[in-house]
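The structures come next, written out as structure tokens.
You will see chain A twice below: alongside chain B first, and alongside chain C after that.
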Partner chain A sequence: MRRIGWKLGIVLAALFLSGCGERLELEMQAFVVAIGLDKAEKENLIEVTFQISNPQVNTSQAAEAQKEPPADIVTITAPDLLSAKEMAQSSLPRKITFSHLETILIGEELARDKLFKHIIGSAIIDPEMRREAMMIVTKEPAKDFIKNNNPTMETRPHKYYEFIRQNWKHTGYVPLSNLNTFYQRTDHELFLAVYATAQRDPEEHENDDTYLAGQVPQSSGDPVQMMGSAILRNGQMIGTLDGEETRLSQLLRRKNLIEAMTASFPDPANEEYRISVVFNRSENSKIRVNTDRSPAKVEVMVPMKMRINSNLSLEDYTRNEERQKRLVKAVEERLEKKSDELVMKLQEEYGGEPFVWYAATRKNFWTMKQFEDYGWSEHFTEADVDIDFEIEIESFGEQIRPPSLKQGGK
Partner chain B sequence: MSDFLKRLFSGDSAEDRSALNQVPNDPFSDRLEDNVKQLEDLFLYPANDALKSRALSIPSINRRARVLFIAGAADTEKINDHIIRPLLASQPAEEGKEPSVDDIKDNTLTITGSETIADFREAVRRLINGSTVILIDGEKNAIAADTAGFEKRSVSEPTREIVIKGPNNAFVEATDVNQSLIRRQLKDHRLVSETVTVGKESPQNVSVLYLDNIVDKTLVQNVKDRIARVDKDAVLTLSALEELIEERPYSLFPSIMTTERPDRTSSFLLEGHVVLLMDNSPEALIAPITFWSLFHTAEDQFLRWAYGNFARIMRLIALFTALLVPAIYLAVITFHPEMIPTDLLLAIAGTRERVPFPSLMELLLMEITFEILREAGVRVPTPLGTTIGIVGALILGQAAVQANLVSPLLVVVIAITGLSSFALPDLGLSVMVRILRFGFILAAFLLGFIGIALAFAALLAYAASIKSFGVPFFSPLSPHMPSSRDLFLRPISRKQNLRPQSLSPQESKRTEQEGGAGS
Partner chain C sequence: MIRVSDGKIGGREFFAIIYSMMAIRITNSTPNLLLDSGITAAWMMPLLSAAFLLGPLLLLLPLLKKHNIGLVDLLYKLTGNAFGRLITLALFVAIFSSTSLNGRNYADIVTTMYYPETSVLLIMVVLILGASFYIAHRGLEAVSRTALLVVPVFMLTSVFLIISVASQLNYYYVFPIAGSGAGTILKDSVAYSAFYGDIILIGILYAYVRSHGAFRKAALWGLWVPAFKMAVFLAVYVMMFDYPAVQNIAFPYHHLTRMAMIGTVANHVEAVFLALWFIGASLHFAIYLYLSAFLLGKVINYREFEYLILPLAGIAVVLGMIPDNHLQGEQWRKLLLEVSSGLFLLLPVLLWVLDRFRKKAKP
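Now for the complex of A and B:
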């Protein structure tokens, strides 16, 4: 008995003495759900905006505090993110924690600055940072974006960002951009970040996806729009891609991330109307890079399935194989043309690719060093790119054929 | 201090105060009056009116005799019909051909199980076990006839190990009934029932049952040795015996289990376990046991393969829930808030804002309330049972939350944990899990998930190291031995043809056996 007691004492002492410093009750922490990073007026300083969720609003009936706002917004000017976190403590009684921080907003001005990569690079040192946090580049300063973003239904900000984070999967208007991918592509590869704004500047386009955030013709509702992407190279923003280019850049990847996306095209059977189709990609694209020749050659084959969504011209595609072939051909050609334009733009203006083609290229080399010496991004700007879409019609929608309204008029 | 503890726990066994040994081992005299007087003195007659006697004269030998028995232990109807009536009805024998005591025992009495005895100690032993002693004038031998007639209840339904499908009879307090329940299941001539006694002062019979062709003989010897080593004046029930023959009385892990189901007992016998039965105990002790014996229920085999395994998966989830959920809850909300969805986190944080205690206090408060409720529920007289439900539901559910004493989510955590501990089939396992839960809560409080992981590793290491009668606790899973893999899940019945080799049965395959196969 005495011997066991002694051992038990050691075990308990080890447990008690090992320190419980990390322990903190939930109600004593302030959960930051979004942060905004902006350039401050003074050189090398940044403005950090914390959006802190209020646990007493819309969480549970027992905790409801009716007159409090759903979130508290605090802006601090500091040399870096972590010192801002510490400085915010001067006014906040609860301990700020990033453990539920899943949205990082970056003002375009800061993103285009050299300072940005230093700020974001040092932020990851904090173990509380989540690498799956979504990175959004905002057209205006991030602090204004946070202030102006007041969605009617998702009053609690974390819920808003949680839902919007899923958006790219169904539309492809914005890329998947989280901190993890960002840290993977800090070299010459291009990284696409979600581009958003809360300022409206509507334009009207014929195509449904050639907009950039803010340009979508929308007249009421929440001012926030997320569309297109910001191009980052070496941790610095160098340009933007609109919705259509963003979609194409996701189709040209080897692995599919988008579940489905809707797009419209001029109807080949009747040019005055547009036909809108839903694409989904079940297989991976085939990418072959030939680095033995100069310039290098990239061959991309994108298999896609197409479902006809709305058919404004009311032409019957179901019973006419000839028309189906023409439709497929028209869509393929259009996509190929647009893709070629995008690749050319990237080669000439931005000197890199966001399609993860470097992974396919890397396979051609025996060692990492050989690959690095080869210098893929320089070779990419010169490369011959051959993109081939292979589209298959999956169905013609719920109704087998369009209603025969037109035939009555004939 | 250790001396004190030793005295406290080991009990005082220095002097041999065995009552039966104090009875003089004298042989009977040939005078009837002397023998009767001597027995009456031993039973403190007339102060003690338990010893009943009837004087009569046996016509066949034309001598006086006394029929003695203990009221309450013997069945008087049996005595009247099978002893007194035949004795009185015997025909006077011819001169010189008078029957001997043995002749009377064999040819006059119409009762089985009679023996001749020659001394007082044996007479007392027989009398207290319900036998009737017949003393005959002029004879140095007496007849002891088995007329035991202790009161017993009829076989009823099990109360602890309830099944929906399957046999529904349970052991009662009488060994002979229990043995008959087992033998009805297991019709095998090699089912051995050995009787050993335990308790010095008021000895009780313990039946050791095993299948002679299957069981490991060293195991039987081991069990019998342990029973022989019991040094107590009286062992009244199997539960008391369980603790006395256990290897680790201080351990939380049981090394013997009890079951009240004859069908379960029989299936254990078929696997090569040893079963102990005892009068006054409506259950059977089974040794050795493994974790699987505690985890399985009889119904797993009665239900079809998929249904039985579904129940087992649920039970496994319940086991981990009952053991770990409060600890995980505490670890998550004090150390690892990043683990739960933001909505849930904010809901907990919001309700916790008005709770005045730290999470540990809050959790312990509810846990202890629940344990008290549970204990009260067992002890409360049936007519008051509903009160417990109302008070419990009110206190635990609503009032505590409305008074801001605990957060609502914690009530859910405690309720799930409590419910899960009820789903554990064995009482020992269930209590063990409830106690260990507090250990895990402490570990989570100190070190979060690391604490839980350390505690769990220590628990597993201990559980894997212990043995019950030489059989490792997690065998045949670990150490791995051939078996029919009836562990977490069970294979279909046809494939269960191998006995667990961890019990070293003499016949490893079930199908080679002649009788009793296919439990």
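Now for the complex of A and C:
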């Protein structure tokens, strides 16, 4: 019995004490939810801003921490992220951890700098960095963005970023860009990162989606706007796309990540008004790249479903097939025209594509070496691109015909 | 003949043993070797390696049936005492050095990805001298039962892992279909066939398996199931991370578990996979230790070979600590693989030829 007790003791000790090896109490950790990266004044140094969530706020323990703010913001100037993490420890009593890091904000100035690819390239070597973190480029320095971002309802910053990311899937105004996709497109392919700002500079456009972050005419509420995208090539920012171009560049991919999006078009039945429709996509786009001929030819077919949930002109679409056909044709033509313009712009100004067409091109080659020798990005700048949208009207909303206000006014 | 335990093991247990020896290779740095040589076509290489090994396996099976003894005894019988001893020693060196090199690899994964502050030595000691030694020490029957208990769980979680990352995959990334070219792929599939060479090696347990039919079935399933799993995972790695990023990731399996998400709420599920992976690793090394001890016992004519497990486990830890980091060990591992691939591919052929030759010589 004594001998068994001794063995049992060892087993129990192994079972319960093994967890003590690298234990970290919850209250001893500082959970970084967002990192901001900016260029420092001195050459080759960066300013790293940590937004550290306070896990006690808005929980059952909130009573103990009533006067504590929901997040702590610390900015450190350091040569890289890893050393900044250590240096921040000089003022923080808790241990900084990236295990809940979901957002990396990059000031536009740093993103346009040569230093950036070194910073972001070395960041992933740290095993704590998670590849699913979202990358956002901010118009102003990232530290100002973090400071000025004060959402009224989402006091806890990790919820804010989580919810806003969910939201993107239903608007398509910004690309869904995480670090994993960034590292996939490190050659000459273009990578689109979310473009955001907390500075307002409102403009009023006729189209509902041709804005860039900051331009959306909004007059109160949280100053942060996320719209459009920053174009990165070889790990360096080279330009921006507005909301509409960002949407199109996501539609032209084989696999669309946008679940639904609303856009408005001039009404073909009454040019004075616009008609807003909701797009859904159920199927993948079909992409065919012909590399046997020169210049190469790209054929893209984008199937979409459309719901007419608004109708400013109050024209009757539901019972008039002729008008429906005209509407479909007008929408298709407009999307095709805009896409052609976008492709032209990318070919001429940026010399690359963010549509992941390079993956479709790889199908044409037998070995990776052949593909690399072919040099897709050079061929893309000269390629003939043929884009075809195929749109079906799925529903007309909850009215059989528009309310008869128009007739009454006559 | 030494009886490890009272009863022999059945086909299902035997399959579970083979599976836990081979299938866990998707989680260590094996995929890195294959992705480096095959690029986007790396997924074909396990299937080709398995196909190359199928021939030797099919040569070996009738031989084992005919003589009805284990692989080691067959070696002694057909090649003579001295040669048999030499080849057994070679088998022992191949399997034992892979035990210690792989042990180091696993310890490095744990310190890099999960417990950065724990020392490599501690993890090696806990994994090999603690868990694996304990399992191996209980004997073949205990090992096989443990394997049978956990292997279905591993199979289910692998499927579950793939489902939970499926939405993030893009199948276009596996093109160009031939990756680095057909020549390279074929050549390296042969060179790396030692990853599935265990299927020849487990012939040494022939006498412990209940029937020839059970052995044959388990060996054939044990060859293609792990090879197929490896192929699927290699394709998933490429579809997830894309070339060239996939070649730069040190431990793709562990990054994949980090990317896995269940809905939007549970996105830190890697802890579940870590726990199961650690169980799998202990079992894997337990089997390797057991087989090493078995072979060494045959070499030095020591019948109570189970007493060798503890010193071997200790030596494995010490040897594993020699390389400074896991990439230094990687070079040794590559060399070991190529040498042992030749050994596993040619050994059954040699035995078959000898068997033929002797039959004719002795009318």
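Operating definition for what follows: the second predicted complex is superposed on the first by the 383 of 410 C-alpha atoms of A that agree within 3 Å, B and C clash if a C-alpha of one lies under 4 Å from a C-alpha of the other, contacts with A are read in each partner's own complex, and residues count from 1 in each chain.
Everything below uses one rule, namely that a contact is a pair of C-beta atoms (placed from the backbone, for glycine too) under 8 Å apart; a residue touches a chain by one contact, two chains touch by 3 or more.
This structure is a prediction, so every number in the text was calculated from the model and none was measured.
K.L.:
Under the stated touch criterion, which partner chain does A:Arg130 make contact with: chain B (first), chain C (second), both, or neither?
P.N.:
Both partners.
K.L.:
On the A-aligned overlay, A:Asn180 touches which partner chain: chain B = first, chain C = second, or both, or neither?
P.N.:
A:Asn180 sits against chain C, while chain B stays out of touch.
K.L.:
Which partner does A:Lys255 reach: the first (chain B), the second (chain C), both, or neither?
P.N.:
Once the two structures are laid over each other on A, A:Lys255 reaches chain C alone.
K.L.:
In the overlay, answer first, second, both or neither for which of chain B and chain C A:Glu378 touches.
P.N.:
After superposing on A, A:Glu378 lies clear of both chain B and chain C.
K.L.:
A:Ser99 contacts which: chain B (first), chain C (second), both, neither?
P.N.:
A:Ser99 contacts both chain B and chain C.
K.L.:
Which partner does A:Pro55 contact after superposing on A: first (chain B), second (chain C), both, neither?
P.N.:
Only chain B is touched by A:Pro55; chain C is not.
K.L.:
Using the touch definition from the top, say if A:Phe365 reaches chain B (first), chain C (second), both or neither.
P.N.:
In the superposition, A:Phe365 touches chain C alone.
K.L.:
Identify the partner contact of A:Glu22: answer first if only chain B is touched, second if only chain C is, both if each is, neither if none is.
P.N.:
In the superposed model, A:Glu22 contacts both chain B and chain C.
K.L.:
One more residue to check, A:Val356. First (chain B), second (chain C), both or neither?
P.N.:
second
K.L.:
Where on chain A do the contacts with chain B and the contacts with chain C coincide?
P.N.:
In chain A, positions 18, 22, 99, 130, 162 sit in both the chain B and chain C interfaces.
K.L.:
Where on chain A is chain B touching in the complex?
P.N.:
Listed in rising order, the residues are 1-2, 15-16, 18, 20, 22-27, 29, 31, 33, 53, 55-56, 59-60, 62-64, 97, 99-100, 102, 128, 130, 156, 158-159, 162.
K.L.:
Residue numbers of chain A touching chain C in their complex, please.
P.N.:
Contacts found on chain A: 14, 18, 21-22, 99, 127, 130-132, 162, 166, 180, 183-184, 186-187, 254-255, 356, 359-360, 362-363, 365-371.
K.L.:
If you look only at chain C, which of its residues touch chain A in the complex?
P.N.:
Those residues of chain C that touch chain A are 39-40, 112-113, 115-118, 122, 126, 130, 168, 170, 172-173, 175-181, 240-245, 248, 255, 258-259, 261, 264, 267-268.
K.L.:
Within the complex, which stretch of chain B touches chain A?
P.N.:
Those in contact with chain A are residues 1-2, 5, 333-335, 337-338, 342-343, 345-355, 358-359, 401, 407-408, 442-443, 445-448, 451.
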